[in-house]
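Which chain is which? They are A, B, C and D, in the order written, and residues in each are numbered from 1.
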């Protein structure tokens, strides 16, 4: 028997596999296919204060071994999420839930987190300071240490739940941002969000995405995500949720060896709706091949 | 929705870039005409959505136009090729709601789901009118198949080389004035014109969108409708006329 | 007849296809396979002042739709390049040549450029301030505008040949770096170099690359490169050599629509030694499908 | 070097993870035993280098051990599968330089290029001695094929289940003291031990390295040798004993 349990800032997950925000909706579509309780956790679609319809179509483009999305945080707003989605989620998933929070101002981040903290279902707040598809005066908070620290402090002040800051890869030095979040009171980090990319339609000679740019994710970004997890593991002493291109149990192990305590799976869910279940099911065999009986031992294993 | 393996049994070229594909496999997830499948293709990250043009218990029919890398690969596949496929996606057409004189209006490759619908309707003892538009006569296909169902066929081509010269809506206006309900699928400009046909009391429109997942998870395909934001892949692809904000 | 000629700061290339530095050696291996004069130019392996043996093995790892390299600027040094490689290149390629220059100090960059300027074969100096595999006190010059401008000025002072600065994608805002180079006197820009990435070997639980990290290139990075070319085209009024993941004539067209005047092909040469010739041969048909008779018209076409 | 398409004709399993593959295609670029091919595999970016174990005018033989994703796919391929391949890579062994009593020393899958060399040498009227090491008897393969060439075979296994117990170098020291020249291929530790055999006046060693291109363009495989930096793929994979800095 391989022990798949992992811990994230005091919360125990039955295994390290977590569907990534924005690729799993509120779980309904997947719950029709399989019992979500085989998952360690799940991170629901990014929640903002007001409802958002998102960006105009097309919002999706294909890339080699990956995809671009410019969904733009479409969601019904935090109040509707709490009133309608959380009760629904309670019926399909009883494990610890990750509430993914977006925002356009420090006040909005704090307010959303305050509201979601009041929901017993929320196990972890995952604060997205890295969405490349929404614009608040140019850059987003995740692109410099000052902004990242400011959001961390604002959220920290209103919640006693574990706060995981979700970092952007579109920076020169992600370790610097991670340190700023750690110093400002974050309990953990999630990385990476998507890389900024674009495609052009040869026929129309215009960007494929109506938003012009979108976020690159999928296997293509795996080596970049892995490197950033490594760098952040070296820089701060906080649990890391590794994310970016993970599509197999072996990828989960590689992410954990780089320093992740748990792993989010994004684009892979879109290609194969059973991806997370399959990955979780394959983890014991993958661990056995590595000679590991407790998966949590893998975390940071390549640094030694 | 089910995830299953479909095996290509036959492939037949219908015109310069359009092919008929017969695939075998589990179709138990199919409920309605107008639903689609989402096919995985080698070396491509995203699946490709294709309407089901007909299905039986153990197989289904696709009509595919080669327009890019994925459809080119799909239509170049050899019998025996296996495709990992999500089957039974989307809401599909509701043939129960159909007005008094329904007409199926298709533009080009958009006729694919209408063929499934026509078969379903003939199964219900109806012989719907079918209006099809193409750019030119050489692009036309599946006319005999529709005719074989007993449907009255009305054709339009932009250059007049086959049927009425002009758009399919011109043809409907001119030749089927009695039609009061449309089941339509085709390019967006065509759908807009169909929605503008004053003779229609209602209709069901099958839309296209670039998709991330095809089953409602990513919000990649959301449009604004009268009833709020809806996902083309899951809440659609078929929308009622009054839902569309055109 | 499609006119494939393009111009780079006064130098006319017969077509926009240029093998990227480090993926074409000094051309010999490819010249055994085909006549290199079908190419617009070629950029030879990065040249440093002293000979370098590069990093320990393994230096190569595979990634989804791409690869990591940590070659570390192996080269015989600028004097040997001038004495031995340039005469050899003269026999196999008579078109305008791009001299790719590396360095570890401003003085070294300037000295290498001075020496290569004296060679009539050098049509363009491509100054690599973005190699992720060599370390000079942590960051490299390409990771901030000040460093980038300093190298540009140092090189500008010693040469009257066109100077193209080769930029790193591992930055938060590549347009800012581009502007700094433009202000410091660059004649053009080449982007992108590789994205920093890594892989871990599950069996050994150690990084695959002896250098730990390496540079990610290949189709996986194409959407990132394209976005950066777009951003830089908007930011500065200099010719751009687009680079990153280009593997087909269509990719060349897409890069040019984003703003590139010419295009470098890197990793694709390693997978298919005929890649550049094939791409160049397919360009006329690709242009005809786009209804273009002069390929240079594509440059920036998606911005209009 | 040539870029060509090879077609898999036969595949045969030799032991738990080792396979014999017979491929047909243009082999005109092959010059010497010890050269290798570089095969493109679906969905994998880098080609996979594999030694040529034998070749004729219109085909070649590979011996492949499934150790990872690429070799697993290659050894699971069905006859008829076509592979885009670079043929005739590397320098290969020089059988002209061979001392007085040459021995071919192989470790595991490293015997592959030695089989090509043994065939070449028997073609020259020589019957070289061959020493092969395996972890255990169950891992052994191709013994009959070497024997059929008339070679004297010396075997070693780490657990003693076949031949001498110990490493192949132990076996050479104990049973072939007269050997004064080695042609060796196998894991690096084995090659190091072979290089340390004092009885040898010289030898040619075939090395492995992770490769970007396989034909000398990327400097991905460079090692330092007595003669300066050399590319395993192009200046090697075969190096003379005195070149190696061990």
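What we mean here is this: a contact is a pair of C-beta atoms (placed from the backbone, for glycine too) under 8 Å apart; a residue touches a chain by one contact, two chains touch by 3 or more.
Predicted model only: the values in this text are computed from it and were never measured.
Of the two chain pairs examined here, B-D and C-D, it is C-D that is joined by more C-beta pairs in contact.
Centres computed as Cα averages put subunit B at a distance of 46 Å from subunit C. Each chain gets one centre point, the mean of its Cα atoms, and the points for subunit A and subunit C are 34 Å apart. A straight line joining the Cα centres of subunit B and subunit D is 56 Å long. Taking each chain's centre as the mean of its C-alpha atoms, subunit C lies 36 Å from subunit D. Residue positions of subunit D touching 2 or more other chains: there are none. Among all residues of subunit C, those that touch two or more other chains are 61, 63-66, 218-219. Taken chain by chain, the contacts form a single closed ring in which each chain touches exactly two others.
Working note: touching chain pairs come out as A-B, A-C, B-D, C-D. Residues 61, 63-66, 68, 139, 143-144, 170-172, 195-200, 202, 205-207, 212-213, 216, 218-224, 226-227, 230, 245, 250, 253-254, 257-258, 289-290, 301-302 of subunit A touch subunit C in their complex.
On the side of subunit D, the complex with subunit C involves touching residues 1, 3, 40, 44-47, 84, 86, 209-213, 215-224, 229, 234. Chain contact summary for the complex, subunit B toward subunit D: residues 42-43.
Against subunit B, the residues of subunit A that register as touching in their complex are 22-25, 28-30, 32-33, 45, 53-54, 57-67, 69, 71, 74, 208, 218-219, 267, 269-274.
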